[in-house]
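Each chain carries a letter (A, B, C and D) given by its place in the written order, and its residues are counted from 1.
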Amino acid sequence: MATIYTYLGPEGTFTEAALLQVADAVQSVRIPAANVNIALEKVRTGEADAAMVPIENSVEGGVSATLDAIATGEPLGIIGEKLVPIRFVLVAKLGLLLEDIKSVSTHSHAWAQCKQWSDRNIPHAEYLPGSSTAAAAVGLLADNCPYDAAICSPLVAEQRGLTVLADDIGDVADAVTRFILVSKPGALPAPTGSDKTTLVVPLPEDHPGALMEILEQFATRGVNLSRIESRPTGQYLGDYFFSIDVDGHLAEERVADAVRGLHRISPQLRFLGSYPRADRRGYSVPRHHQDKAFREAYTWVEGILKGT
Amino acid sequence: MATIYTYLGPEGTFTEAALLQVADAVQSVRIPAANVNIALEKVRTGEADAAMVPIENSVEGGVSATLDAIATGEPLGIIGEKLVPIRFVLVAKLGLLLEDIKSVSTHSHAWAQCKQWSDRNIPHAEYLPGSSTAAAAVGLLADNCPYDAAICSPLVAEQRGLTVLADDIGDVADAVTRFILVSKPGALPAPTGSDKTTLVVPLPEDHPGALMEILEQFATRGVNLSRIESRPTGQYLGDYFFSIDVDGHLAEERVADAVRGLHRISPQLRFLGSYPRADRRGYSVPRHHQDKAFREAYTWVEGILKGT
Amino acid sequence: MATIYTYLGPEGTFTEAALLQVADAVQSVRIPAANVNIALEKVRTGEADAAMVPIENSVEGGVSATLDAIATGEPLGIIGEKLVPIRFVLVAKLGLLLEDIKSVSTHSHAWAQCKQWSDRNIPHAEYLPGSSTAAAAVGLLADNCPYDAAICSPLVAEQRGLTVLADDIGDVADAVTRFILVSKPGALPAPTGSDKTTLVVPLPEDHPGALMEILEQFATRGVNLSRIESRPTGQYLGDYFFSIDVDGHLAEERVADAVRGLHRISPQLRFLGSYPRADRRGYSVPRHHQDKAFREAYTWVEGILKGT
Amino acid sequence: MATIYTYLGPEGTFTEAALLQVADAVQSVRIPAANVNIALEKVRTGEADAAMVPIENSVEGGVSATLDAIATGEPLGIIGEKLVPIRFVLVAKLGLLLEDIKSVSTHSHAWAQCKQWSDRNIPHAEYLPGSSTAAAAVGLLADNCPYDAAICSPLVAEQRGLTVLADDIGDVADAVTRFILVSKPGALPAPTGSDKTTLVVPLPEDHPGALMEILEQFATRGVNLSRIESRPTGQYLGDYFFSIDVDGHLAEERVADAVRGLHRISPQLRFLGSYPRADRRGYSVPRHHQDKAFREAYTWVEGILKGT
């Protein structure tokens, strides 16, 4: 039976571009969702097998909606990640030239990321917020569209045959967004030697060293952090959880040991997954943090306890 | 000469409510700005003396636009903070009842924060993104307004005499937003015994212990962190700076010493200000981290170096 | 078959006093040994079942001979400890009064510990080093003994019927020496809830943080150090090992986990034993460092790895 | 006026050999002292200008008498250090051959260090403790000397024209002892770029992390420890102070800053001196721990506090 995918829609968003990188997604059912929460809910209810949602943007930072949605509610698991270079294009109503553009719509984040280009090239254009880049683009096809142009992905421009007035208009050259593929919790993807593990760690107590205690669990096992984001729990100012990515797979002893250490000091810890890195970048682990060193230590202590 | 204030507008936003808490702001000039960057730019150019902007929301987390805008560009200084309880109201076109509402506009964050109420009370209403809660509310007064209702602050409802269909509709009971008052760098507000210091610390190098080294600078001087936010520098995935609030004033030795330690390991550190806490909450400092202990240590070492 | 004990002799030393605290030692064979190495060698060869030797003195510090002898060579295990209050007496040849004493012999450590008393009461007496306090005392019974008096334990004075000219002459009121009972490695004594674990940890590398890395293994598991002694390896200046006592038994998870951590960073680590504390003092372990927390963390991670 | 030196005597000890390395000591008055305390007391009373005493032996470890004597009482300052290779010789009464030796005297530490040689070459010789290697050697010249041979330094053998039966008989090839030159506290020797600083740090409180807090003061400033010795305060078991050598001079900012930090957490800290290293070995200091980084940080914070 074919896999059913959902993603942060509508069609033509960068998220669909990420999903299309998944091997079997091109031939599969792809259901756009109106927002991240709806996409994840489809997975929780079984309506979809997996959801592709954005988690981190090199310019805008963590995607709060995703970080928060996977940190609470019915547990979910991350089974993969994809990177999509973010290239914006300006599309317009048929027949309009750049100098004719009086108003532009797009998602507010996209608008922010093309600000310098807009100031230079369409300084007098009014901005109308859109619910997504793709929605703004598709809106241009409607009869009574209240704006002249939209900023969107090359994918939707191509899908809908929209006129591209300007290409690659983002202010930051190498902007990239990271997306995660989320399913119900289950067997972990096998370790590949270049993996990532994602955790959600509530700050156990509001004291000066609480965050340091969390970080020490990684440091004493030589586990490298590749991302750390603080997010409010929503309860009161200063009540945080941390969304953390580390290098390595839970099946590697040093990661498992660090996670066990975290579980002791912050038992509400949530394990979100171990999965292959999109960039396939490896990491070197010092001898004393390798599985062999862990197993030897384990065996050695067992031997003493058994009196052998 | 009267102080000229600017703030994240339009009129009637929660930010204006925060500004109105400042002693002389009621009688002063208050210029609304279209976004945080514009507000801060008015201060940088001298068009305004100070700007009130949101920095942190107990539900939504750090306000990225503000965190990023004060972390870069021409230096600015925080001279005060204000807390505003976030209470949302639903306002509508004259004559409409709750059951008549087919479409609602508001800022996307406000929409997210009233999601549960909307699902229960206006489940079929379409959502149209607005550039701010106040803009959405004011839009209702226009002749051809494309939506029926708006979610906004009580302030703008009162200022514009709008019909309130429902009050206190936020999903989280005690939501509160923290705002900062920003001016050009200058003399620091005097220490009050209940102060806060805000810093921007670029992660010096991409290695496992870099964040721990930063935190140790505080820990070894007994300086408590009350907020830490990671933000992308915008350069590439995984390149961060940290926005940090600590308890205490730079005129206190333990804070100055920690800041000096940070400056050594991360010389691009930005000091954003020491200012009175809005909640007036005090903090106890152990004897060995008090100014007296620092001065005694300083004098003692000086004595040895002078051979006395 | 009765246990055969050896101890740092000769008869009448404080070490024999420690051995006599062991339940079955009074009726057992007790073989005095000329020095710590010989006593331990008797255990290694099987000539004796266990040896009592001093390890730490509250005035003089660690007993280097013992620390070094158990840290190298054929492995041994500590199975118990005893505390002996150190009370010195001055014994003399028959018929002599305090004012007649022209020369005194004793072990150099005992001489050091009675220095103030000697300076006040027998200021002109010459000091002759003795190989032990008991040997010096017993020497007085020989015909041609070259000294008039000896400083020794009350035990030997009583055993040999020597004339005590002055009692309790030590300079420090509550001096106490700690002794350990050493046997071949085997089954550990059962945990009692008030135990001690002794380790020998070579400094893994000569770098600034090496000792800190060792201490962190304990700190991150809430394991308290009750003794730490640096000892040279004898190879070159600055090449150390550390002799460490911690609160707790290897059968307690937090101790086992810390020991495993140490084994990874310093594989030449030597485990010397877990045994009941002589002072029966308990220790409180925070919830997150208790066995239950370790087991829950272990089970939790196993569950994830099995995909359940 | 010529400098008056004292040293741990008698004449011909390794300590005198260390003293003779001091430039002007050969022509100066050199007063042997019976023990370390007496030598240091001569400095305290002004009877001598400086005292040479042993502090650390690569085989035997720290010299407790010295560590304790400089850690308490009227303050003293270390102004230099010397290294002496430890080479032992066996000297005997005139006319005796190796096979004639029935008894040997020497200091107990020297005996311990030549144990393997003695077991192989004079297995049946009785050992008589001596108060020093030199005293044992000189004793051979007395008419009624009760022993046949002595283990001593080449220096005393040469000074007294004693017959050397065996040379270089120590069990460890490259044994070396470190000696310190101690005077009254005063102006510190000028920094040379290869210096050492010696500190005495009482453990502030008996809690798990107390030693770590001390070490962190060094670690956060990049100050390397080259020696750490625990010593009992003599009060009760487990009450320690630490004798610590670090790389660098108090006139270097990172050392001064670490010492200030220590003074805050352990105000009874004793500074014993900054002086040139005997081995002239240099040390590299990372940019962010160099004086320049400290001064820049200091200036930067001052600028903010002055509002400039």
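As a convention for this text, a contact is a pair of C-beta atoms (placed from the backbone, for glycine too) under 8 Å apart; a residue touches a chain by one contact, two chains touch by 3 or more.
Not measured: the values here are computed from a predicted model.
*Asks:* Give the chains in contact with both chain A and chain B, ordered by label.
*Replies:* Both chain A and chain B are touched by no common chain, going by the contact rule given at the top.
*Asks:* Could you give the separation in Å between the centres of chain A and chain C, each centre being the mean of its C-alpha atoms?
*Replies:* Averaging C-alpha atoms per chain gives centres 58 Å apart.
*Asks:* Would you give the residues of chain C that are in contact with at least 2 other chains, written as numbers and ranges?
*Replies:* 216
*Asks:* Assign the assembly's chain-to-chain touch graph to one of these shapes: line, ring, star, complete, other.
*Replies:* Looks like a ring, each chain touching just two neighbours.
*Asks:* Which pairs of chains touch each other?
*Replies:* In this structure, the chains touch in these pairs: A-B, A-C, B-D, C-D.
*Asks:* Chain A touches which residues of chain B in the complex?
*Replies:* Residue positions touching the partner: 56-62, 64-65, 83, 108, 112, 127, 129-131, 172, 174, 176, 178, 207-209, 211-212, 215-216, 218-219, 222-232, 234-240.
*Asks:* Name, in rising order, each residue of chain B that touches chain D in their complex.
*Replies:* Within the complex, chain B contacts chain D at residues 185-188, 213, 216-217, 220, 250-251, 256, 259-261, 263-265, 267, 271, 288-289, 293-294, 296-298, 300-301, 304-305, 307.
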